[in-house]
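Each chain carries a letter (A, B, C and D) given by its place in the written order, and its residues are counted from 1.
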Amino acid sequence: MKIKFFAVGGTIDKVYFDALSKYEIGESNILDILKNARVNFKYDISSLLKKDSLDMTNQDRSIILGAVKTDPCDRIIITHGTDTMIETAKVLGIVKNKVIVLTGAMEPAKFKSSDAIFNLGSAVAAVQTLPHGVYLVISGRIFKPDNVRKNRELKQFEEKM
Amino acid sequence: MKIKFFAVGGTIDKVYFDALSKYEIGESNILDILKNARVNFKYDISSLLKKDSLDMTNQDRSIILGAVKTDPCDRIIITHGTDTMIETAKVLGIVKNKVIVLTGAMEPAKFKSSDAIFNLGSAVAAVQTLPHGVYLVISGRIFKPDNVRKNRELKQFEEKM
Amino acid sequence: MKIKFFAVGGTIDKVYFDALSKYEIGESNILDILKNARVNFKYDISSLLKKDSLDMTNQDRSIILGAVKTDPCDRIIITHGTDTMIETAKVLGIVKNKVIVLTGAMEPAKFKSSDAIFNLGSAVAAVQTLPHGVYLVISGRIFKPDNVRKNRELKQFEEKM
Amino acid sequence: MKIKFFAVGGTIDKVYFDALSKYEIGESNILDILKNARVNFKYDISSLLKKDSLDMTNQDRSIILGAVKTDPCDRIIITHGTDTMIETAKVLGIVKNKVIVLTGAMEPAKFKSSDAIFNLGSAVAAVQTLPHGVYLVISGRIFKPDNVRKNRELKQFEEKM
């Protein structure tokens, strides 16, 4: 069993630069999280993009789609900014023979109280148990891209009514 | 969607008592972990036992079995010590109409580098996606009770050869 | 022995708001840090301002000076943004009968790898051992306001050459 | 300015071994703590002993005394178990031309809520500001060895009445 991880940016990988008093996207935290979790499966991690979710373009989504299509692994997890995770998931919907899980975090992984580790744990289980398709795994839930929205106030993903 | 959590002890809930220079089982960490993860599902948490895995008796397993059987929820997660998690899973095998996931941790949840948060994230996804049955979800994997063993040296669970 | 803490903002108390993908100054972390440290002295904490260091005005510094002057406690620690900590320290130089220590952090206290706890530990020791005067305690050092500068690249405070 | 650190064991460096469900003393955490704190002074760290405080013998204290005496640095911090820290401090009382600070922790440094980082921050400030002598720096306070005791119930050090 092998899982391929693509990091494309988002809050999960934000770091803090004091000099500018702002957050920027740093290195992916996936490797550290998997090591602490002492996972017993093969994996490969690629840092594909370092984009804030709101800055992600159609071209960026084409890059992600191409990488997902050509990767030999059929279980794929993408760490992505939460604001446009749904849009990227929809673009990936044309990939039919893989399980693709998008996840991310409401707080940077470097925060003590971040949801990043939990979400990555959920994504790892989901990518092994779900049938082929594209899913968002976050807020402790599994969502299909056409039936989910981000609730900014609650900092949660939820079903569309 | 609702998940019932039973805490029965184990390393995941160990705390450190300086006075005696040893570890003992403290309060369950499940609630804090679910709050930080900002989960979007209903849940109920019961602290059933506070047992070190090696001290768990047949009577303890009967208590767990009774609680699982009588609980109205059909998605159940049990946090359990890792040394005898497999034995308890086997006892629970007679429950046929529920998804039961056992998880735990190799390091106490209060450690910075603990696997507890990741494992609970995995368990939460697994309990929503797996068919009725009893599973161990740990080391980033989903195991059936009759085909798994703990590898102490690697601090991982693995398939039996 | 009693110590008075004033929180006036800065990186140390930054939190992250995903909706806007930016940081803002949240509640002071002093109380949580002192509790975890199990300190054995009396203290009082006042949240005076929530200002980014670069936004601090002369009027803000007057407010801080007034609060420091009128406080009955003669050991005072101020958590402050690092960019203009030196300026505020100079304004406080006219207070002659107190030990005043300014500290802060290069990374928000909510980060796992933050220097906030260490710096507050240093400040607490320094305010008990130093003679009356105004000091910056950060980067593991004790500085006088007229002989220190912030080195942005190294994320350290250092003596002026 | 240079500080010499000696790690001799104690709770501060305890790790958790699941296989045996007990703690043991692991590597010193001093280097990691100083790096995160971005300290701006020279330092050298020696791991001298890995002893539980209660197991420390007169011979162990002779080893510590010898190392402190012969070290060329005159600012010395020793991380030590809390149960017999006072005894070791008294043995070191014959060293007259150095500032010697003993510190430690009530919870292992690897715990999220540990007092280790705070205590080390206090020790670093204290060793730069105090006159020659031997001190315990813990619980946010500076104590002389002949006027301090450990209060196990409160998990604090306090003055003798």
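One rule holds in what follows: contacts are C-beta pairs under 8 Å (C-beta built on N, C-alpha and C of every residue); 3 or more make two chains touch, one makes a residue touch a chain.
None of these values were measured; they are calculated from a predicted model.
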item	value
Chain whose mean Cα position lies farthest from chain B	C
Inter-chain centre distance, chain A versus chain B - centres from mean C-alpha coordinates, in Å	26
Whole-Å separation of chain centres (CA-atom averages), chain A against chain D	43
Separation of mean Cα positions, chain C and chain A [Å, integer]	37
Residues of chain C engaged with two or more neighbouring chains	106, 112-113, 155
Contact graph of the chains (line, ring, star, complete, other)	ring
For the chain A and chain C complex, residues of the former touching the latter	11, 14, 16, 18-19, 21-23, 52-54, 82-83, 106-108, 110-113, 152, 155
Chain A-touching residues of chain B, taken from the complex the two chains share	1, 33-34, 36-41, 106, 113-115, 117-126, 128-130, 137, 139-142, 154-158
